[in-house]
Amino acid sequence: MLDIIFAELVVAAIITFFVREKLAAIIAFFISLLPLLALLDWASNYGFAIINLGIENHMKIYLAGVTLHLAITPLSWFFALMILPLFPVIMLYSYSFFKENDGFFALMLLSLFATFGILLSRDMLSLFLFWEMMSWSSFLLVYRSKDKNAIMSYLIFSVFAAFAILFGIIILWHENSSLLLSDILNISGKLGFVAIASIITGFAVKAVIMPLHAWAPFVYSKCDEPFVAFLSGGLSKLGYYGIFLFLFSLKGVDILQNYMTNVSWNYLLAVFGALSAFFATLIAILQDDLRKLLAYSSIGQLGYIAIGFGIGTPLAITGALFQAFNHAFFKAILFLAAGIVAYRTGKWKISELGGLAYKMPFTFMATLFAIFALAAIPITSGFASKWLLYEAAIQQKYVFIAPIMLIAGVGAFLYSFRILYGVFLGENRHDSVEEAPKSMIAALFILVLPLIIFVVFPGYMLDLMKPALQAAGIESIAHTKFAIETSLAKYNSIAVLITLMVAMIPAFVIYKARKHRVTSFEDNYLAGEPYELHKPAMHAANNYYKPLKKVLLPYLEPGATYYFEKIYNGIKCVSNAVRRIYTGYVQDYAIYVVLFLLFVMGWLIWI
Amino acid sequence: MKSIELLGKGEEMHGRAYIKLSADEIEESIKKLKENGFNHFVMLSCVDWLDKGKFELVYHMWNYEEKEHAMLSVDIDRNNDVMKSMSHLFPQIETYEREIHEMYGIKFEGNNRLTPFLLENWPHDPPMRKDFDSKKFVKQMYESIPFIEGDENEGI
Amino acid sequence: MKEYELFIGPQHPGITGNMMYHLWVDGDTVTKAECNVGYLHRGFEKLMESRLWMQNIPLVCRICVPEPDVNEAAYSMAVEQLMDWEIPDRAKYIRTIVLELARIAAYLMAIGSYAGSIGIYTLPQWSMGDRDYILDIFEQLTGARVYHIYIWPGGVRWDMPADLPRLIEKTLNYIEERLKLYDDVLFENRVFFDRAIGVGKIPCNKAIEWGVTGPNLRACGYGYDVRKLEPYAAYDEIDFDIVSYPDLGKFDAHEAGDVYTRMIIRRLEIEQSIAIIRQALKKMPESEHILKHPNWLRWKVPEGYAFARVESSKGEFGYFVVSDGGLKPVRVHVRGPSYTHGINVAEKLLQGANIADVSQILFSLDICPPDIER
Amino acid sequence: MDMIGIAIKITILIAYAIIGTCTGLLFMGIGRKIVARVHNRVGPPFYQNFIDVAKLLSKKTNISHGWIFDLALLFSISGILLTLLFLPIGGVQLLSTDGDAFLVLYLLAIPSLGFALGAGASGNPNAGVGVMRALVMMLSYELPFVITLIALMIYYDTTSLATIVRMQSINGIKSWAITMPPFMIAAFAADMALQGMLMEQPFDIPVAPHEIASGPMVEFGGKYLGSLMLYKAIALVAETTLFVDLFLGGGVVAHGNFAFVINFIVWLALIFLLFALSILIAASFPRFRIEQAFGFYWKYEAIIAAISLIWVYIMVIK
Amino acid sequence: MGLHNGDKMMRYEEWSKLARKASKRSLWMVHFCTGCGAIEMPPVMTSRYDMERFGIAPMATPRQADVLLITGYLTVKTLRRVIQVYEQMQSPKYVIAFGSCTINGGMYWDSYNTIKHLEKYIPVDLYIAGCMPRPEGIINAFLELMKLIDEGKARGWERYQKYYDKYKENQRRVFNFEVKEEEKEEKEQKREKNEEH
């Protein structure tokens, strides 16, 4: 069945390249539902409790003399559940987003193909092949942005990631002489350490952990919104999939720890995650470009997942996976809503927007909900994941990371209100703007659903990830349908929700007791001045957090500029070099790969 | 007195120098006084001499060191009420000229901020002119507006 | 559009009366400020042209509400110049006492409202209450709390009651005691230093050219005071030192011309005024309190131009009076200190200021809109 | 749980919500009285705030700026009541066993976010700036506060407020956290954070009337302002109770059958003392600029809190 | 009283007495110094006379306030702002006018820029005589206003709604600008909306 899906994906990708945009969107939408159906089929046939698949369950594809092993594992099942639903939603959204068919749908389907492949691959060769296919199809999508910085930075970081992963894979293959993932456990010592570390670094690029994040702000802020929604919601999760796979499912963390016992590698990852969460949040607060703000917010929120993986206790990993799931959805909503705003107004600067909430009520509502999730307000599932992570940090007495996480959580309020106020509230400057097309709204609200479901039933989410955790030998934490219990405290979502509803009653009584009159925007407090005399501009969104900027910039700027200058210069140098090396001929690339392989082999033989 | 010596004319009036100048001399004189210690510009007054048919502009300057007050007076024709702006010499002259423009209708060439200052939506004659009859205006403008006649039981 | 527009006033807690500043703000920094006045324009100058010389006394005091006596004094002095009158010595001393009391009252009000503008509401409560004791003195002396109509051309309206000096002394002692509390709450408060030092700086080399006068000028380091420059009333017989910038007594001097220095100067001048009143009470001679007046209804003032200036709590108050020898003045032009402070100076100081500081800059300049627009 | 149990619990919850509201309004009135005495004046009657709220809620005209503006009213009251009910009050565990300190922290954000939305929806720049200041204040005071919170959490090895209160009440006053030297420091930092939470001087920056004409509440009138006052009243109780729960053992001094009466009175006295302290500080300080407040919290207060955290960490590790 | 005035009066009667009691003991005034009478407001508000005893407090914006104090003469320019503020206030709202200048122009009877009779432009609930009124007078006025509210006699805001056209016409005349026909209709509609609530 899987091979049929693969085949259909490829065929559809080719077809969609040639048809009109609406038709392409429809085809793409239905085709992108296929992998989801396959997942459901799998779930109904085998259930979720499969812990470790034997090799006999693998689907084998023989390709030019090598065998590719594919199979759905509980881990890939969970991640597929997180990433794959984004595709049909994005196709639905793109139905009215694109004015002409210039290959977006075909490339998205290729990405879907690659994503599916990555999740299914059970050996390192297929993992690498699909990973590269993903990188290149997404690179072509980035290439559509025609922004030099975005293209070059994405290319360079992708290539770096690819070589890092390849490097690790070659070492593993050299040591084990097996490409099967399940054989990695046999390796140890220095080489194992180098291999695992290098693979993790490679995945960390896509997972945008702080020092390797430099590509993300460029790419996120310049590409088409539907693609960025996938990039931030889906692709980054694939990075974390890789990290989880190698660290926990394949026990890479033991390999790391056994080699260097005096350094806590976990803690290092957590620190990197905390730094991304903290600094990216602070930088996001100061952004004016909506997309850049969301990009840094993504980096910050993804940092929490890294923290969770870094802390490494069952509680933390559960929280991290939960956070990954939430993030996939709410960040996709936010990017898609940003796309709607730009689609209707053609503007990206928060300071130039304003007052769209009454014009686009549904977009606003979806955004508001996503922001609740992002800010971890306890009426969305965003809270449960953050809560688990905080609990985990306290449980492990991580006194450095816990405050940073919490304060980054508060920082999230700041930038989310920036979006709300700057874009949706305040003075309306766009009289002719209408609500977004129905397909776009539908796309947003489909994504809202899981956030609602899992706030009422956070236990279901833990059930969903239980097989994946069990497969990695991580015990699941105690929970019921509504409540999660840790050794430190208990979180009962239904108590919160019901009390909120009850508490709404007095509020509602007060609200209804007296009639109110809705007045126009012009009838506003202007210190007594009549509006029509001055017709003042009243949107305070430009430089909104200027006081904070004044305080923070002296501290943030040196580090950031230094780092980014290095990156810029690096990009410039490398891009010149790359232009010479990446000539555009496939043969050349093949030669490079062969040369690289030879180099690594030589190095391995030499040591 | 120093200012009289500097400008070579003028008389003393109640302890202050009163110097009559022509419209062309005024800029040079203010500059000269400013360079010689009269660095505090007190105010710019305008007097409407209706019977003589002229406006008199009085530039008051003060010297902190010599403790001397100089009044530089310029007459301009009431029918041709145009004057060169001095606002580049002292910043506050701009405001005085705005007020005089509004109250007497004198136009100051070179002052580009002659926007409404104290009055808003004023379509009538400049009010400080002697021929503007305030009492008549009040009668026409305010007294003609009727009281609101309503049921005495409501309000008050 | 990068900036948004804010209106400070006319209906705003952070404005010093009925006027308006139209601010263009980027983030929290004012990029442009425009003063908009005229909300209190009653056309005094026009009214005075149609009233008798004596009838104008009740009018002029309405020009500066917090400190009305300076107007009466300046107008009377201008008329006295035209008439070539020398007023009796006792009247001079009474005028000194009245003007200084009014100055204390105005300073208490200024300090109180400034304190309110940076959010300490205890001090306004105290200082306004204490100011009321000075108004009580006025009530005993003149019969009115605010508009006294006491200083007339030729002297003062009636003599000081015999028991008033005791009450004045008592009130002054009380206020001196209270000043220590004010120091604790505001002038020696760390947060006040944080807020006020270096904020709203008038560039010292420009101060005179911009027409800054009074305490604001003294805060820039120029020890100029009309009481010394052109002594009026009894100030030439009274011994006092001008408080100016680097020498701030028990307070530390920080930056010239900023909000902090301006407020400290005001605070110190209260003590100075108290000392002046005490001296004046001690030195007060016995004599007539007013010259003999001609019949008010047929009182013609000789032709001429007169200018009288007094030092008010806000700065230099000047009256330019032109007479053609008639029953009514041809022109009375009032130079209010706020005319320059409120418009040119404030517009320049507000540019680049933080919106949190707008109000305190305005209050520290002690702008009083009625003397701008009259 | 049987139906009767649920009914009893709901009754208690409603009772506590009403008590919380009334206590808050009463304290605000008494606070006004105290401040008035500092000001040398008589001050309003202690029940003045009840009258004010009644008047605001009975206004005939209520001006709204659309449905987002109305969210302010709905979210503020419901959110703050929710927070109150998740706090142990005088040792009585209402719903606090179903949540913990992190939940309370985030629940406290619901009404603030609601008000921020309402204020933003009015479109007034003063409101926009006011909300900006409120959010920056939040970022400022939360840092020392969460650090002290974490110090408590790792010391008691729990995040549950209920457990923290229980462990502090084992020996009455002697086991209150504030009796321990590291937590004395922490309590100081947390009290300063509380000053920011209560928005009293020197941290009343978000509602500074002289600067931004009372900031977020610029367009609030009638029932909207009334709900804001109710919110403030309950928030006062909730925030001081949070402090009491964390450092003063939730006011629990007695155990036994009718101990809850004593505990309740002690709790009431303690939150009143905290509130009185905060308004007395407010009466004697001007307000900071927002960046100064940020610097104050992130430099001095955060360091003080961090010292206590490190101290506690060393204690726990040993 | 007022049965013939229809629905509104009836509704007013239904208004609970408690609400009136509450609104009388909690009068919040707009912070607006329209004229020189404002100089006596600080003493009234502060420690000597302490207005807060009666629940009177200054408020920053008209939305929050119940009482508008016209502290003295009004220039035409200020009148426009006063009307803006008055219309932004939420009813029930009350107007107290200070000093003789609001009654008949006072000493500015011949000034070209001050309006002479305030009640031609907005309804006034209470006048305080004098120039300027003493703090005791101001406090007394507030107490009088409380009495009026209690008796249900302070109903200037209803008067304003009822004679909206006439007030608007007077205001228009004093502001010196002609209102076009369409705008008039627009205002008509706005007023109707106003009255619905």
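Worth a mention:
To keep things simple, chains are lettered A, B, C, D and E as they appear, and every chain counts its residues starting from 1.
Here is the rule we go by: contacts are C-beta pairs under 8 Å (C-beta built on N, C-alpha and C of every residue); 3 or more make two chains touch, one makes a residue touch a chain.
A quick note: this is a predicted structure, and the numbers were derived from the prediction, not measured.
Annotation of chain B and chain E: jointly contacted by C, touch as defined at the top. Between chain A and chain B, the least number of touching-chain steps is 2. Chain centre most remote from that of chain E: A (centre = mean of CA atoms). The pair of chains sharing the greatest count of C-beta contacts is A-D. Innermost chain of the displayed assembly, by C-alpha centre distance to the whole-protein C-alpha centre, is D.
With every chain reduced to the mean of its CA atoms, the largest distance from chain D is reached by B. Rounded to whole angstrom units, the spacing between the C-alpha centres of chain A and chain C is 65. Chain centres here are Cα means. That of chain C falls 44 Å from that of chain D. Here the CA centre of chain B is 59 Å from the CA centre of chain D. We define each chain's centre as the mean of its Cα atoms; on that basis chain A and chain D are separated by 35 Å.
Among the residues of chain A, those in touch with two or more other chains are 515-517, 523, 525, 527-529, 538-540, 544-545, 547. Counting only residues that touch two or more partner chains, chain C has 4-5, 10-13, 25, 28, 38, 41, 43, 46-47, 50, 125-126, 129.
Multi-chain contact residues of chain E (touching two or more other chains): 31-32, 46-47, 60-63, 77, 80-81, 85, 88, 110-113, 197.
All chain pairs that count as touching, in label order, are A-C, A-D, A-E, B-C, B-E, C-D, C-E, D-E. Only residues 1-5, 7-12, 15, 20, 22, 25-29 of chain C touch chain A when the two sit together in their complex.
Taken together, the chain C residues at the contact with chain E in this complex read 10-13, 17-18, 38-43, 46-47, 50, 58-59, 62, 65-66, 109, 112-113, 124-126, 128-129, 131-132, 135, 145-147, 370. Remark: chain B residues 13-16, 18, 39-43, 45-49, 58, 60, 64, 67, 69, 71, 90-92, 94-96, 116-120, 127-128, 130, 132, 134-135 touch chain C in the complex. Those residues of chain C that touch chain D in the complex are listed here as 4-6, 12-14, 25, 28, 115-122, 125-126, 129, 185-186, 189, 191-192, 194-195, 354-360. If you check the complex, the residues on chain A that touch chain D are 355, 357-358, 364, 368, 372, 375-379, 383, 386-387, 390-391, 394, 397, 399, 402-403, 406-407, 410-411, 413-414, 417, 420-421, 425-428, 483, 488-492, 495-496, 499-500, 502-504, 506-508, 510-511, 513-519, 521, 523-525, 527, 538-541, 544-545, 547-548, 550-551.
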